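Two complexes come next, and they have one chain in common, subunit A, joined by subunit B in the first and subunit C in the second.
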Partner chain A sequence: MMKLEKVQFTTVCYMSALTFAFILFPLMTHLMLWVIILGFCSVAVCIVRASVAMPELRNITINLFSTFCLVILLLFYQDYGLLSSMINLLVVACSLKFIMMRTAADFHLVSIVFMFLIAAGFIYNQSIFFAIYYGCAFFFVFVVTFLINKGHMTFSKSTLQTGKLLLQAVPIALLIFLVAPRLPPFWQVPKEESTQTGLSEALTPGDIANLARSADLAFRAEFFSDKPKPIERYWRAIVMDNFDGLTWSISEREKNTALLTEKNYSGARWEYLVNAEPSDSQWLYSLDVPQIAENRGEWPIFLNDNYQVFSTTVSDTRNIYLLNSYYEMPVSSERVDYSRYLQVPQSGNILTRQYIEAMNFEGLSTQQIISKIAEIFTKNPFKYTLKPPLMPVDPVDEFLFIHQRGFCSHYASAMAYMLRLAGVPSRLVTGYQGGEDQAKSIITVRQYDAHAWVEAKDRELGWIRFDPTALVAPNRMLAGLFDSLNESEKELIDESKLMRQLMELGLIKSMEDGFVMLNHNWSQMVLGYDQNSQLEIVQKLFGQANIKNLVTFLLVAFVGIAFYLVTSFLPWRKWFSTKPVSPEMILLELLQKKGFTRHKHETFSQFLNRITPQFDSSLVASLNEFEQQFYATRYSGNQDEKPLKEALNKCIKALSSKHSSSHKPTNPIVE
Partner chain B sequence: MKMRADISNCVEQISHLVKGKKTEIELSLICLLAGGHLLLEDLPGMGKTTLSQALSKVFDLEYARIQFTSDLLPADMLGVNIYDSNQNSFSFHAGPIFNQLVLADEINRASPKTQSALLEAMAEKQVSIDGKTHELPECFFVIASQNPLDQSGTHPLPESQLDRFLMQLSLGFPDKASEKAMLLNQQELTSVRSVIDVAELQLLQQQVKNILVSDNVINYLLSLVELTRSSNEFPNALSPRATKAIYRAAQAAAFVQGRNYVTPEDVQFVLPAVAEHRIKGQLLNKTSSSYSEQLLSQVDPLAA
Partner chain C sequence: MIYRLKRIYWQLLYRFVVKKSASNEHAKFNIHNTFIMPTKFGWSLIGVTLCLFVLGTNYQNNVILAVCYLLVSILLLAIFHNYFFFTQHEIKLESVDADFENRNLKLRGTIFSQGRYAGGELGLEYSREVFKIALSANANSPQTFQVKLPKYKRGIHKLPVIAVTATYGFGFFYCWSYIIHNKSLVVYPCIERSTAQLHNKTDKEMGSVDASSQLSTSDNLQGIRPYVNTDPIYHVSWKHVAKGQGLVTKDFVEKAGSSGWLKLSDYHHLDIERALKVICYQIQALGKSNATFGLDLGSTKILPNNGNKHLDECLYQLACYGIDTQDQKRTISDPQQS
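Our next item is the complex of A and B:
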C-alpha cells in the first residue's frame, strides 16, 4: 500500500477536508442532523490529523460505529425516502473513511465518493449558481487527485496544472454535451419523497394558504410581445367541477375533457414562452385563450376544451413551451351539457342555501346575478388573511356568516357554491395570479402567487371569469399577494425579510433581474437541451434533421475531438523541432514527468544530488553514470556523445523498471 | 569533492590557525592561484591578519604589513630616494610594498591618494618614483583588509578600485565549535609549515591558466554577466574585467578540485566572492539576500 510523504500528506489532508466541507454545505438541507455533525466532525479530524499525529482508531471501533450508523439510517429510511437515505449513507461512509485516511488509495477512494456527492447535489439543484459552485468543488477534487498522483509538487503548481488539464478538457466536454445521444436513463432515480410544492388536484379552502407561504419558483414566462398588466395575469392551471361541501375536486369526466378541436383564433395576442419547474401535477399554466405554438419539453403537451394546457406524463423534468394567448377572445366552449357544473351536495351548508333561496334572480343576466351574489362580500366586513380559522364542518356557512375571514380559496369556493345554488353553471379554477416583473420581458411566478377564482357560464359570452377575492383585497390583484398582507402575515412567507427589503432597492433589483435572465437562459439552453435541440442544430447545419445527418454530426464531432487530442497532446515539438534534443534534456523531461523538477538555477549534479535520496540504489548508479558522462561530454571538451546516449538508455530502463520509485516513502507517516 | 592533495594540505595548515573557515580559506587560495588580489572586509578581530600571515607562511612568501592610517603617505609605502652623501647620488630605499605578500591593513582608513598609489602598484606590478620604475617582485600578492563601510573614519574605495581586487571575502564569526577549539588549542603562527614554495606557486599559477573552459561554461558565464547589465535589479553592471576575473577564478577553482576543465559549479562557487563587491559597489545598505545569489538564481546553467 502506498503511503504519502509528510508534506504531501498535509496539503492533501487540508485540501480534501475543505472540499468535503464545500460539498457538504449545499447538501445540508437533505441530510439528517447527526449526519451533518458527523460530516463536519470528520472534516475537523482530518484538518487536525494533517499536522498533529493522532492515535489510529481500531478497526473494530470503526466497524461497530458504522454498523450503528447503518441501523440509524435504516430506522429513518421511511421518513426520508430512498434517495435521501442513500445520499445520507454516502455521506456517512465518506465521513467514516475520512477519519481514518492515511494511504494514497484512501484519498483516491474519497475523491471518487466526492464525485458521487457532487452528482447527487445536482439532483437537487441545477441552477447556474450551483453549476458554478459544483464546478469549483469538482476542481478541488481534481487538485487533490493531482496532488496524490503527482507528488513532489507545490500546491500552487498543482492547482495551475489541474486548471490547465481541465481547460483542455472543456472543448471536449462541450462537444460531447452537444452531440452525445440523449438516451433515456438506464435506471430510474427514486423520486424525492418530500413533495414538490405546487397546485394539487383537490382544493379544500385553506390549502392554498399553505402554498402561499412558499417562495419556490413555479414557472417563468418570457414574453416576446407586450406583457399583460398585473391584473390581467390569471394563469389557468386546474379546473375543478366537483364539490362535496368541503372540497373541490376534478371529476373523471372533467379530467378527460376532450382535446380542443380546430378553433379560429383571432384578435390581439400575447406571445410568450413558459419555463415551468417540475411539479407533481400534469396541469401546466397558460393565460386565456391559449394556443400552443411550440413544445420544447421532453414530453408532449396538449390543450383541452377547458383551455388547459397539460402534459400526459408527470415527470421531474421541466416543461418548456411557447404559447400564444388571444386575450380578446371569449372563453367559449362548444359543449352543450353543463349539468355537472350545477352539481351541489345534497346536504350541508344550510345557511348559504337559505340565503340564496331568499334571493330573486328572475330576469337577470348572468353577470347581474354574479354581482348580486357578490354583494355579500362588499356589504359585510370580510377580511383577507393567510391565517384563516379552521372550518371543519360546513365551511361555506362558517366562512360567510361566522368568521368572514379567509384566503382566496374560501372566497372562490363560496362564490362558486352560491352561483350553483342560484342555477348558474360555474366551476372553480386554480392557478397563479400575478407574478413579479423581472428584466424586461420576464415574469417570475412563485408558489405564493397561487390563486383560485370562479368561472360562470353565460349563454352568449361563454365562461366569465369572476374573482371574488378582488372585491375584498383589490391589492392582491394589483400588486400581488405581498402587498395585500399586513406585516405579521408577511413574515409567514418563508423568504427572508431582509432580502425582500433589499430587493426594493433598485440596484439589487436590477442585479436580480440580470441573474434571473441568466438563469432563464441557463435552463433554456443547458438544462433544456434535449434530443429536439440536437436535431435543431443538425437541421441548421445540414438543412435536414434525419438520422443520417445526426449520425454524420456525431461522427464529425468525434473526429473533431480526436483531432483536437492529436494536435494538442502528441509530442510535435520532439518530432519536428529544428534543435536536436540533447540526452540530458530527455532525462530531465522524464524526471519532470515523475514529478522531479529541476530548479532553474540548479546545475545537473546539484539537481541529481537533491533528488537521488528518494531513489533506490540501481537507479542512483545509472543516474550517476549519466552525470559523469554528461560532465565529460559537455565541459571537458570531449565531443563524442555516444557514451552519454548509452548512459541515457540505461537511465530510461532503470526509471521505467522502478515505476513507483517516485512514490517510495522516505519517511512514512504511519507505521 | 576531492581537492588536490597539495592544496588540501595548505587548507589544512591554515585552518590550524583560522578555524572553521575552510571555504573562505579555499577561496583565498583560489584567489592566490588565479594571481589576483584579495580584499577582506570584516570587523576587527575576525582573523584577517592571521589569515594573511598564514598564507604567507604556507607559500613561503616574503611578508610585510602596512598599517594604513589617514596620515599614511604614498612614499611611506612605496619607498623614497635618499641622497647618499658618500656616493654623492640618490639611492632608492624600497618601501614595504616590495614584498611578495603585502597586507594592507585597514585600507579604507588611508587617504584616497595613498589608496590609489597602492592600487596602481597592484595593477602595474611596478612602482615609479622620480621618473624611475622599480619592478615589484614577480610573485606579488596584496591582501587588503577593510573595516565595514559604516564604521567611522573611512574613505570607501571607489568602484573603479574595488574592481581591481579579484575577490572580496568576509570571514564572519566562527561557529561555536570552532571558537571552542580555538580557545582550547591555541596555535602559534610558527606552527604553520610551508607547503609550496614560490617557484612551485608560480608553476601552479601557470597551470591554472591552461585549465579548459568549454563553450557551455563560457556561455553560462556570459549570460550571468549579461543579466547584470540588462536587469534593473543590480546597482552596478559587471565590467569585462569582472568577466575575466570570474573566468580566472573559476579556472583556479577547477584546478583546486584537481580537474582540468571548468564546470558551472566552479563558476557558482566563486561568483559570490568575485562579483558581489563589484555589483554592490559603495552601497552601505546591507540587503538581506545577496546580489550574486539573486543573479545565480535567475540564470539556467544548462540553457547554453
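Our next item is the complex of A and C:
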C-alpha cells in the first residue's frame, strides 16, 4: 500500500486529528470515560507522529490492546445500552487505527468511521446547531480525503476545492431528499437511553422536580394570531383521576375516554402550530379549549372528551400539528357521571381529612369552596421550592401541616385531594406552564416549565382550572420558573450559567430569537418532512396526490438531476469566453489540434516556416496566403478582415482535405 | 488445460486492452478508451451510504437520511469530476534510449493539461509497480516526468502496457486507460572485463572465416553495412531488403582494409550470454579508443569501421543475437525482473 509523502502525511495527520477531536466533543456524554481519554490520547499521538519521527507500534501490541478494550466494552455493555456501546466500539477502533496510520488506505478507513460517528451523533441530536456543527465535521472529513491526492495544490486551494465540490452536491441531495420515498422502519432498533422523557403518566409529589431540572426543549408553538399572556399559558397534557394516597395516576377508564364528537366551537381563539419534540408519552400539548385544525406529523392525532390531544403511536418522530384554542369557552363535556373524580383512599392523610371535615361548605358554590380551601395556602407560611423534604408517608398531611414547602405537584395534589374530600369532583392535570417568548410569534417551552394544577367541576361552568401554586409563588406564572427560584435553586437547572447571564444582559437575545426561528423552521421543514409532506407537494404541483403524479414527481426530479449534471459539466467557459476570437487564433487552434503548437517566443511567420516543410504544396500555399493577409491586416493599417477570413477558409479546407490526414508532425513541439 | 485457458484469457484481455488503449506515444483520453470504477474507498463509501439509509429509515431520522443523500450526490458528481479530470490530460511518452541489461531504465514523458482542474495526481501502473505523479497547481502548464522501468535482460523488448490512472477529488473512483508504447526498447548485454582479441584479416583463422563467407555468398563477402548514397546499386543486399530490414550494402573482402575483428567464436568455451558480455566490453573499449574494428558474430558480420554509429550498430547486433532476424524488430518479450 502506498505511503504518503512526508509533507502530505503531516498535513493529513493534523487535519484528521482536528476532525476526530471535533467529532468526539458532542459524543462525550455517550462515551465511557476511558474511551474519551483514549480518543484524545490518540489525537495527541497522531499530532506528535506528524511532527516528530516516532517508532511504529508493533501489530501484536495493538492487537492485544484492542482485545483488552473489547473485553472492557463487553463488561459495561449492559450499563450503556446497545447503541452507546456500538458508538464506544467505533471510537475505540478509530482511536487504535489513529495511532498507527501510515498509508492512504488507513486515512480512508478512518474517514469512513468518521462518517459513521457523525451519523450516530445525529441519532442523539438533530437541532440545527448540531447539524451545522456536524456539517463542519463532515467538511473536514472530505478535506482529509481530498488532501490525500491533491498533487501540488496548496492546502488553502484544496480546502476551497473541497468546499466547491461539496456545495455542488447540495442541490442534488436536496432534490433526492424531496422525492425519495419515506419507508417505514425495516426492523426495531435500539433506542437512545434517556432520562428526560417528558411528562410521566403517574405523579408522586416530587416526581416533577426531576423534570424541572432539565432545560431540554419540550415543544415550540408558533402563533398565527395573538399570543396568550404568560398567565394564560397552561399547556394541558395529562389528566389524572386516580389517587391512592401517595400517587396520582390515570385510570383505565380515563385512558379510554371517548373521542370528542361534534362540538360547536365559538368565540375568540388562538391559532397556533405546535412542534413537539419526540417523547415517551402519547399525550400532546394544547391550550384550552382545543380544536385540531391540521396534523402535519407522521402519525394521526385525536382529541378526546377531556380535551386532550393525543397520538395513538409513541415514536421517535416529532409531532407537528395546528390547533385552534377557544379560550373563552368552558371546558365541559356531555358526561353526567363524575363519581370517579370524587374517589379518595379509605385511609391515610388523617389530618387533612379532619381539617376538611371541620369546615362547613353548605350553600357555597364550587368557586367559593375552592377559595375557602385554598385559604390554607395564603394563611400559612407556605414556600415554593425545588428542594422539598422527602414525604414518603401521608404526603398531603406532611406537606400541609408539617413541612409546608414544596413545588407545584405538592400544591396541586393536596388541593385536588382536599376538594374531593369536600365533595367537589376534581382531578389533577399535568402539562407545562408559561414558556419563553422568542422571535415575535414563537413560544419555546422547555422541560423545566413542567407544571401541575387542578381542575374542579362546576355544574354550570364545567371544569374550572385552579392553580394553587400561583397563590404561593405568583412569579412562577408571571415570569417563569427562574424568577420564582433563589440563586441556589437556579443551579438545579441544567442550563449554561454563562448563557443565562448573557441572556439576562440581553446581549444575545436578538441573536437567539433569530436562531430559534431558524430552528423552528428547521424542525418543521427538515425534521418534520415525511410522506404526508411529499404528498402535499405533489398535490400542490399536480393537483392530486395519486400514484401517477407521484411517479411523475420522481421522474421530474431525475430529469432535474440530469439537467443539473449536464449544465455543471458543459464547457460554458469555453463557449462564452470573453476572449476575442480572431482568424489567426482559429488557425492556431486548428494547427494545435493537428499537433503543431507555436512556441511562446515564435512569431507567426517563424512558426509557419518551421511547420510548412511537413505539409503538401496546396496547404503550404494556403498558409502562405494567410500569412500575407495576416501581416497586411494587422500591421499595414488595413482594417478589413475579409481577405484574412477568406484565407482562413482556404486553410481550413486544405487542412480537412483527404491529404491532410497525413499531416502528422514529425517532431511536434508542444510548450 | 488450465494453462491453455489462462493463455486464452490473457490473449483476449490483451486484445481488448489493445483495442481500448490510447495506443500511441501521444495519448489522448476520451470516452472510448477510458474506464471508471469505484476504488476500495469508493465501495466502502457506497456501503456506508446504504448503512446510513437503513439507519436513517429505522430511526426515522431525516438528518441521517439527508447525509445519506448528500453522500449519494457526492458519489454521483465524483464520477463526472474524475472522468473530466482524467480526460483533460494528454500524455506524450518519449522513446526509451537503448541501454545495458540490469540497469534502471527511465521512461520519460510530458503531461499536458487543458481544462479546469488543477492539481491532483496521475498514476502510471505497469509490471505491478505504481508511480504517482503529483500535478502542478497550474492547470494549463505541461509537466515532464520520469519513472523507473523494470530491469530488462538483453534483447529487443516491447515496453509494458502502461495503465494511466487517476483518483481525483476524494478518491472514490478510479479512472484509467492504457497506453501501448509502439517503439521497442533495445537492451544490450552488460559488460564483462577482458582483454580484446583482435584478428587481422591475414590471420589463418580469419582466412578460414573468409572462406566460409565466400561459400555462403560466393563473392568474397566480408559483411554488410548500412547503405550510403555513393554505394553502387548492385552491391545492395536485396535479400535483406525483402526481409524488410532496409537498404544494406554488401561489403567485399577487397574493401575491408587492414582492420581488426572481434569474433564471438573466440569465446566458444563460455556461456553464450557471458561471451556476448565480454564482446560488449571489448566493443566499448575499442569504441572509446576510436579503434577501427569489425564484428563477427558468425551469422552476422559488420565490417571494420569506427565512430558512434558503428558502435551502436555493433551493440545492436549483440542485443539481437540469437533472436530470429525476421522478427528482430517486432519481438515482444516480457521484462524479467532480475
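Note that in this section the second predicted complex is superposed on the first by the 556 of 671 C-alpha atoms of A that agree within 3 Å, B and C clash if a C-alpha of one lies under 4 Å from a C-alpha of the other, contacts with A are read in each partner's own complex, and residues count from 1 in each chain.
We adopt the following convention: contacts are C-beta pairs under 8 Å (C-beta built on N, C-alpha and C of every residue); 3 or more make two chains touch, one makes a residue touch a chain.
A quick note: this is a predicted structure, and the numbers were derived from the prediction, not measured.
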The answer to whether subunit B or subunit C touches more of subunit A is C
So, A:A105: does it touch subunit B (first), subunit C (second), both, or neither? second
Using the touch definition from the top, say if A:M15 reaches subunit B (first), subunit C (second), both or neither. neither
Which superposed partner A:L400 touches (first subunit B, second subunit C, both, neither): neither
Looking at the overlay, what does A:Y631 touch: subunit B (first), subunit C (second), both, or neither? first
Is A:E298 touching the first partner subunit B, the second partner subunit C, both, or neither of them? second
Could you look at A:H601 and tell me whether it touches subunit B, subunit C, both or neither (first, second, both, neither)? first
Give one of first, second, both or neither to describe whether A:V472 is in contact with subunit B, with subunit C, with both, or with none. neither
Classify the contacts of A:S158 with the two partner chains as first (subunit B alone), second (subunit C alone), both, or neither. second
Interfacial residue positions of subunit A with respect to subunit B in the complex: 584, 588, 598, 600-606, 631, 634-637
Mind listing the subunit A positions that touch subunit C in their complex? 2, 104-105, 108-109, 111-112, 115-116, 118-119, 122-123, 126, 131, 138, 142, 145-146, 148-154, 157-158, 161, 165-166, 168-173, 176-177, 180, 182-187, 189, 298, 315-317, 526-529, 561, 565, 568-569, 573, 595, 668, 670-671
Per the contact definition, I'd like the list of subunit B residues that touch subunit A in the complex. 212, 214, 216-217, 259-265, 268, 296-302
Under the stated contact criterion, what part of subunit C meets subunit A in this complex? 26, 40-41, 44-45, 48, 51-52, 54-67, 69-74, 76-78, 80-81, 84, 92, 110, 112, 116, 118-121, 130, 132, 134-137, 142, 167-171
